[in-house]
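One chain, subunit A, appears in both complexes that follow, with subunit B as partner in the first and subunit C in the second.
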Partner chain A sequence: MHVCTGCSCLCDDVEVELEDGVISRVYNACRRGAGIFLNLNSSRASPSIDGEQVELERALEKAQELIQGSENLVIYGLDTTTLEAQKLAIELAEKKEAFIDDNSTFCLGDFVEMILKKEVPSTTLEEVKDNAYVIFYWGTDPYHSLSRHLSKYTYYPRGANRQRGYEEDRFLVVVDVRKTHTAKLAKKNARFLKAGNDEEIIRGFIDALEGRSPKIFQKDIPRILKEMEKGKFNVIFGGLGLKYGLNGNYDLFKEMIERMNEKSEVYFLPAGCHPNMRGFNELLFEKTGHVNRYSFREKRSSDDFAFHRLLESDSVDTALIVGSDPLNSLPLEYAKKLAETNTIVVDPRETFTGRIAKVVLPSAISGVESGGTMVGADGTRIELKQVFEKEINDEYILKKLLEVV
Partner chain B sequence: MPLEFSKFLKKVSVEVVVGRWSFQVEAVDKGKFSEEFVERSAVIYLTDDFGKANGFREGDVVRVSSGGKSVNLKVMFSDVAPENGAFMPNSIYVSYLVDFSNFKRFRATIEPADGSVTEIDEIMQEVLSSN
Partner chain C sequence: MPITPMEVYKLLPKTNCKKCGEQTCMAFAFKVINREKQIEECTPLFEEGKYAKQKEKLLELLEPLKEATETGLIVDEEKCTGCANCIVVCPVHASEDPHGSGSGYGPKMEDPIYRLEDGVLKIINVKKCRRYGKNRILCVACRENCPSDAISFLEG
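Moving on, here comes the complex of A and B:
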């Protein structure tokens, strides 16, 4: 059995078949997961300097030279690599008094921080499978982003204390701005709340909990709360739609969860995509008390140290990007800034950022070509078992970069 | 019978919702410079009703503009697009149009365009243009 590193579910039941040393079939994985294994040899990165293909040794030397000469380094990405590699990256950042940040800054880092600081009660997917009755998907469409979430962990499986199937033993609530594929499942024993304004919905729940009639969804909200009382164990999965809908006003959301817990057990879990984002958040939190946007020189975390803010303010001369493609995910103005920076890309595949990078260092695909440990979105640690062994992986490269610091 | 002027009004202003689309994510591993990635990323999804009401057909190439920037995308119909808006999968095409204040939902205009969808290299050229 292998672990799929396609998303934060980290499904550990993936089986592969080899034919003449090539992966020919993949079992149990979703569309995304199967693609990682089956397209192992597609679009692989090559070592390069200024866009010219070179020997790996030369590219490594150039990267070492850039790291050594950097006065203001930022290390960014890291959510698709292992804990072992993340530790090395944090060590490198500390030794260089550098900035370090990951995708969680504009993804679900705030939610993970709330959990690590114990501001909201949280649980594991295994507990959800065995016990959860009311299951919220708030601002997330797991059908596309976490494709096996519903079938393997939450809505469809029969759990130890949920033996009667989703028709009777689960109650699904989907909150979204549009009727997503996940929302289309909300038929029997379910509700779809079309979110115009997330705060209004939260206030609706708080009103109902305080005995007042909610201003919106007057019938649905009291019914959902009644079901939650009946269920005893309930869970809210929050995605990017919720994060951006709340616009930083998390207190109201936390208040809602606290109030809900006066009536019934309600847990919160982030529904994020990056396979080891939580792992990075946990490691940095253990070391610094912060989950992202950290400066080892100033020994503090700040919005100003978010990767895009550093680019905006011309605060860095060198960027080490590990397993991420900011050109794909950040607005154009930041892509332009990155193109003006000495950028080192460590990635197994060709990326847009690789095309504008000073140095590209090809790496291994975690879980397929390298082992190690990752942490799922629910905080569960999972050991990866590679199909093939590739010597040059993220750990190898980061150790090489550490040699010159 | 009332005249349906909307049929002829082709430049429309919409809110675009951005999200994951597993068919597009699948193409990432085949290669971000592959035809398949462009096919599945340079796309804007409308509901059948909304698209037709505004004179768009599936497969039409449209210019999608926001914040003074434009890309050409292919129209696709989907019943999970917002009722009176549009949906785009996360990709460099979205990143090209948005800024951080409207990262996951942004206003855009859609109008008919000639030619084909914007190629990745055109966006890359734009990224490098100030250097």
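Moving on, here comes the complex of A and C:
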């Protein structure tokens, strides 16, 4: 059994078959997960300096030089690597008084922060499987982003206290702007709330909890609340739709969860995210009290220290990018800025960022070629069980880079 | 696309000649879809020239029957993302493999009906399906919970 590092579900029941030392079959993983195992050897990165292929030793030396000479370093990415490597990256950032940031800045970092600061009650996916009755998916389409989420952890599996299957023992609520694939599953014993404005729906719930008639979904909202009281253990999964729908204003949402908890138990969990995004958030939070966008020189976190903002304001001279491809995901204006920065890319595969990077250091695919620990979206620590062992992994490379500071 | 007995009936000779062994053409149409009878057993359709056009249409209509399994199940792997909803909701899996697929994990039983292989759904052992055999139940749990319509049944 292996752990799939395709998304934050971190499914731990994946089996592989080897033929002549090559993975030939993958069982139990979803399409995305299986791809990671099956395409192990395609588009692999090779060590290079300024686009020219070199020996790994030379590339490492050049990267060390760049790190040593940098005045304002930013370390970015890190969400697809292990806790062990993340720790080293944070140590490197601390020693270099650098900026450090990950994808959670525009992913669900805010939600993880809310949970770590204990502003909303949270739980684990195992608890959800065993106990949850009303399950909300708010602004997320797990059918695509976390394929096995519903079948492995939430709606479909039978749990210790939920033995009668989804039709009787679960109640699904999907809140989204369009009828997504997940919303299509909201049939019997379920509701789909087509959201125009998230705040309006939250107000609807608060109104109903205070005994007033909600302005929208007059029938659905009171029914959902009634089911929640009946269920005793309920969970809300918030996705990017909720985050951007609320535009950084989470007070009303937190108030809604607090009010709901007066009548029944309601927990909140982020849905979406990279495999080990929460791991990075937790490590940085332990050390600094912040989850991302942190400057070790100024000892504070700010929106100005988000990776794209740093590029925009020309605040950095060197960027160390681990397991992420910002050139692929950021708008062109930032990509241009990134091309002007000394960039070191640490990635197992070829990336667009790698093409414009000063130095590319090929590493190993976490979970397939290197072990370690990752933290799922619910905060559960999971030990990876690699299929092969590759010596040059993120940990090895970051240790080498730490040697010179 | 599901095929209905009525669609098949309309293209049959509709003479109730009983040469196939059934009392009516409608009864024969039902059995063709259930794979209890072969369309070739309707001899007038193949022997008499006046049915040639109907025959062509009918054979075209029945083309998907060849792809379908014994229970009429068709899985379109192109549409499947490997969410495994179908594997977990399957009542047979739930009762025979409660700690494996019934609890959301990959199947731990010997011959599951379904399993995810290389990221998509594969039919492993259709004989376990409740739709299989004489005393079958027309269960559609897997199809109902496939949001991308990768699972379909012949009869709709």
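The criterion applied here is as follows: the second predicted complex is superposed on the first by the 405 of 405 C-alpha atoms of A that agree within 3 Å, B and C clash if a C-alpha of one lies under 4 Å from a C-alpha of the other, contacts with A are read in each partner's own complex, and residues count from 1 in each chain.
In the analysis below, a residue touches a chain if its C-beta (ideal position, glycine included) is under 8 Å from a C-beta of that chain, and two chains touch if they have at least 3 such contacts.
Quick caveat, the model's predicted, so the values are computed rather than measured.
In the superposition on chain A, A:A335 makes contact with subunit B only, while subunit C stays out of contact range. In the superposition on chain A, A:Y153 makes contact with subunit C only, not with subunit B. Contact with neither subunit B nor subunit C is seen for A:Y250 once the two complexes are overlaid on the shared chain. Of the two partner chains placed by superposition, only subunit B is touched by A:L240; subunit C is not.
When the two structures are aligned on the shared chain, A:R32 is found in touch with subunit B and with subunit C. By the touch criterion stated above, A:K184 is placed in contact with subunit B and with subunit C alike. Look at A:H144: by the touch rule set out above, it reaches both subunit B and subunit C. Touching of subunit A by both subunit B and subunit C, each in its own complex, is seen for residues 30-32, 35, 143-144, 147, 181, 184.
On the subunit C side of its complex with subunit A, the touching residues are 80-85, 87-89, 94, 98, 102-107, 115-120, 144-145, 147-148. Contact residues of subunit A toward subunit C in the complex are 13-15, 25-35, 38, 129, 143-144, 147-148, 150-153, 156-159, 165-166, 181-182, 184-185, 187. Every residue of subunit A that touches subunit B in the complex is listed here, in rising order: 30-32, 35-36, 39, 42-43, 106, 141, 143-145, 147, 177-181, 184, 240-241, 244, 273, 308, 325, 327-333, 335-336, 339-340, 349-352, 355-356. Residues of subunit B touching subunit A in their complex: 17, 19-23, 25-26, 28-34, 69, 79-83, 85, 87, 90-92, 95-96, 98-100, 103-105, 120, 124, 126-131.
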